[in-house]
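Note that the chains take the letters A, B, C and D in the order they are written out, and that residue 1 is the start of every chain.
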Amino acid sequence: MTIGIVVFPGSNCDADTYHAVRDVLGCEAVYVWHQETALDGLDAVVLPGGFAYGDYLRAGAIAATSPVMRAVRRYAAAGRPVLGICNGFQVLVETRLLPGALLLNRPGEFRCEHVRIRVERADTPFTCALREGDILRLPIAHGEGRYYVDAETLAALTRDRQIAFRYCDAAGHTTESANPNGALDNIAGVATVSGTVLGLMPHPERASEAIVGSADGLRIFESLARWIAGRGVVPAPAGAGAGGGAAPAGRAEGR
Amino acid sequence: MAAAAGATAAGVRTVRVTVALKPGVLDAQGQAIQKGLDALGHAGVRAVRAGRYFEIEMQDTPDLEARVRAMCDGFLANPLIEDFRYEVL
Amino acid sequence: MAAAAGATAAGVRTVRVTVALKPGVLDAQGQAIQKGLDALGHAGVRAVRAGRYFEIEMQDTPDLEARVRAMCDGFLANPLIEDFRYEVL
Amino acid sequence: MAAVGPALEGIAARPLGALRPDEYAEVCRRLRRDPTPAELGMFGVMWSEHCAYKHSRAALRRLPTRGPGVLRGPGENAGAVDAGDGWAAVFKMESHNHPSAVAPFHGAATGVGGIIRDVLAMGARPVALLDSLRFGPLDDPATAPQARGVIAGIAAYGNSIGVPTVGGELRCAPCYRANPLVNVACLGLVRADRIATSRAAGPGNAVVYLGARTGRDGMQGAAFASVELSGNPSDRSAVQMGDPFTGKLLIEATLEALATGAVVALQDMGAAGITCALSEMSARGGVGMDVDIRLVPRREDRMTPEEVLLSESQERMLLVVAAGREEEVLRVARRWELPAVVIGRVVADPVLSVRDGARTIVSLDPRHLTDAPAYAPAAMPPAYLDEVRRLDVSALPLHDPAHALLALLRGPGTRSARWVFRQYDHMIQTNTVVPPGADAAVLRLKDAPPSGVALAVDGNGRACYLDPCTGAMLAVLEAAQNLACAGAVPAAVTDCLNFASPERPDVFWTFTQAVDGIARACDALDVPVVGGNVSFYNEAGDAIYPTPVIAMLGRVADVRRRAASGWLGRGDVIVLFGDGTPALDGSEYLELIHGRVAGRLPTPDLPAVARTIRCVRDAVAEGLVVSAHDCAEGGIAVALAECCMPSRIGARVALPAAGRHDAVLFGEAIGRVVVSVRPDGITKLLEFARRFDVPVQVIGTVGGGRLVVGAADVSGASTSPDAAPWLDVPVGILAQAWDADGEVS
């Protein structure tokens, strides 16, 4: 089981993600250079956080032009799992692999703090070890994380269950005060309809060990490992046991 | 200065692009700047929108404007959230 | 659109300000954007300078331009490293 | 050599340096000829105060720099100490005050970049930053944007380059209005046997330029940092622009180049740019270099060789690479898309030759540049001292303690710094075990579990204004006290000494006093000073307070064993360690509530404070306490209030009443720490303290939703305040005052 971690010039959470995947989760991890054009042999691809190309246009916009993103596009089209964390989410949005845009935080500045997110969808490769309604405590660290789409797209996202995570309080309520960046509808993460491409602003890799404040993020990587091990089999959304249940649309499409 | 910039080299034109958030999109930066102007005592400022500005020197070709639009649409500006305007000197 | 903006309300004018780095000042942003344009295959781009853009609606007064310059000089633009240009609609 | 004749006309037309006439004469004497224009420019920056420590060098010899754990002391780009398990911690602090005054965002950002590259030059991966900031009052309309700009600049650079900012401090006083202080410390980690050097060696080895292209940035910045700000627009060519993106690539490329084993020596091009790197690397190595300045990658056309020599463009390193292995390093640079060029060779003779193509423009012994003259300035106690030390406490009106406490909690020096540190990525690299907000930050060492390091930065300008020696001691002791609350053993100090002009005898006296205070406190704690930085001429308008800032690094044996920064368990017993007598002299309370900066600071009892610090540290490290927090600005009342914040639990506390209640509550004394302990652990803890010969008092109990503090003797019971307590405030009200959701003033 090998998880590829893409390295753009200016990525800076690549090593943290590598550590979480390899040293904590215990999976094989490899770095994928931004100039790679093939992603053969990888069971999943993670676009890590950071400031790719300095985020000198809109965050993620320049990275979206790099050769590896053409490969990621093909990889995603084949129904294989792609996770974008923070800057990686911004890259996925700029690549149009995910809908929407990520705007300057409502407070007008960078925010680094722990937040809570509610799992809205448990039938993706990244959430299949979780249940809908589960609350995860994860850090955010971004300046441009305010998720935005137009009303029409929002309706479609809601209808198609593409909203993967929402900012919430300790009780799971998606209140305004629990929303750190002014994201539309408290959206912290979105996925494709199939669920195989997912982006989120919070950093699961920074919350993979209790010693650094939270281990909740590890459950996202554990989901991925379980999904890969189950060869694309994820539990039914109702929370059926691991390994059983319906085949996810995404992986099936790819075959 | 404009003329000089436009004439940097034979066959090279200067293009000025401004990009701003669409009217309905909340402009956090513009709001912060307005606050700052208030705090400094600049009276009578009703609204501020903040955006980006680019000065691009490019080879002149008959399809210059089409090339500029192509660069703006999706790259320099994200059409979901931003409008752009350009001027060829 | 420009005319419309200029006429938002009686006595309110729209001012467009662009701020750009002075020639010679390191423009990391412009360099990165130029790389991006290259990667996207936009040929013939010689140079990109990146800056900021503001659209300000302000109460009209006889000293409007002086007020705009005061806002630009030091707050919207840092005169050590940036030049600004404005246009009152 | 193809020297250009007497260069003085050239200077008049375009001043390149800041040499005094006697210094110019000294240059001619050493060279036995007039310097060329390029040489004159190089002397101008290398003999600037910033690079040459002309006024401070002698005084700094007083600092203790040796110790069993010291792997590299002052003299290299940064100091290094043993961090255990074969790891070395590289630690250094630097000021970027003047650049931040004229361009807050870029000045502060490049300050971060600069200190990161000092640490990188030791071969270490930068793993943490601390920022120590001084501004005018934040409600001043000119200060607010300046402070915001500085903080945004630190955030922009640190966040992007991927090094967490794990702590800092921010204090305000009118004297910093035109002279903000921006001091940034960086910690790096490297295997102890892989520490890099800046000593060039090996004739024939290549001199390699790596990093961003050279432009006309920050021309003469080093010289600029050494003169008073004049409000003159020509100061302004000195602004440097940072590019954290390139900075990040440079970190990776440099570490990768070092890993090839082909790099013999390296140094960042910081203040005085390539001039400094060429001359220091050659001089330290006792060799020479022969370089062609024309080969330096440039960002602009038509730069003169002098401009290239003096440019302070950021994100550049100079490497000496083993002959024949150049390609290994150049390949790394290409991979990271950074310019890299062999610009010359090391030569055996100690002669630094700089050519512009075929024309030689510099040819001298590099030690002439690095061994600048040193001065022994006159020192005399400032005239103001007698006046400001006069304080009749009994004449101060008594205020309602609850109001005073709330005012203090809202004060710029005591309020929560969350509004600052939440703008900083303090978690990246996933080592941050204790984030900003506690007394000290704690980082784990991923490769040496379960050990870690702790970091704190402290300075007290107001105290130094009243008594520079005591104030400097307080800064050191306070930092150590903060580390103690994290259970950390002090391992190294790095300092930034921020002062006005050393050419003023009163200022220079405060400088020598402060150095002496640092030395004495470090001796008492047995901690070496491994590096630092002096920033003089902070006197645009007013002179600043003498402001020595101390960053301290400590070692933590087991990061899993730690104390909380506030109460955790209802019913826990509150114990005060240390018995210093709190005084209002020089206190935060006196300034904020009574508008006075005055008084006579008691001289710290160094052995007693050192014992308390050791005792608290060991109690924390052995898991004997639930929480630990020291008493600093605002005295014990503010410390108790801060202990209530994290978990929103109150406490009932009774303090021995000696004299005025405001002195008991808000008076300050070094060496006092508030801890909480489970009831079943109290006996053991008291016994533990006795063994260290540290006085302790049980002063209260954790619990409830209010902070209630009264006099012990009135109630008769030592742990429950009297029915008419001095203070009785709901914790929610305290919290609201202390952290009103992070808005700037």
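Following the convention adopted for this analysis, a residue touches a chain if its C-beta (ideal position, glycine included) is under 8 Å from a C-beta of that chain, and two chains touch if they have at least 3 such contacts.
In this text, all values refer to a predicted model and were calculated from it rather than measured experimentally.
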Chain pair with the higher count of C-beta pairs in contact (A-C, A-D): A-D
Distance between chain centroids, defined by C-alpha means - subunit A, subunit C (Å): 35
Inter-chain centre distance, subunit B versus subunit D - centres from mean C-alpha coordinates, in Å: 40
Gap in Å, rounded to a whole number, between the CA centres of subunit C and subunit B: 7
Contacts with two or more other chains, residues of subunit B listed in rising order: 36, 40, 52, 75-76
For subunit A, residues that touch 2 or more chains besides their own: 53-54, 56-57, 61, 65, 109
Contacts with two or more other chains, residues of subunit D listed in rising order: 145, 243, 245
Chain contact topology (line, ring, star, complete or other): complete
Interface residues, subunit A side, partner subunit B - complex: 57-58, 61, 65, 94, 100-101, 103-109, 146, 148-150, 182
Subunit B residues within the subunit A interface of the complex: 21, 25-26, 28-29, 31-32, 52, 75-76, 78, 80-81
Complex contacts: residues of subunit B adjacent to subunit D: 36, 39-41
Complex interface listing, subunit D residues touching subunit C: 102-103, 105-106, 145, 212, 215-217, 236, 239, 241, 243, 245-246, 299-300, 313-314
Contact footprint of subunit C on subunit B as seen in their complex: 8-9, 12, 16, 18-20, 30, 33, 36-37, 40, 42-59, 61, 67, 70-71, 75-76
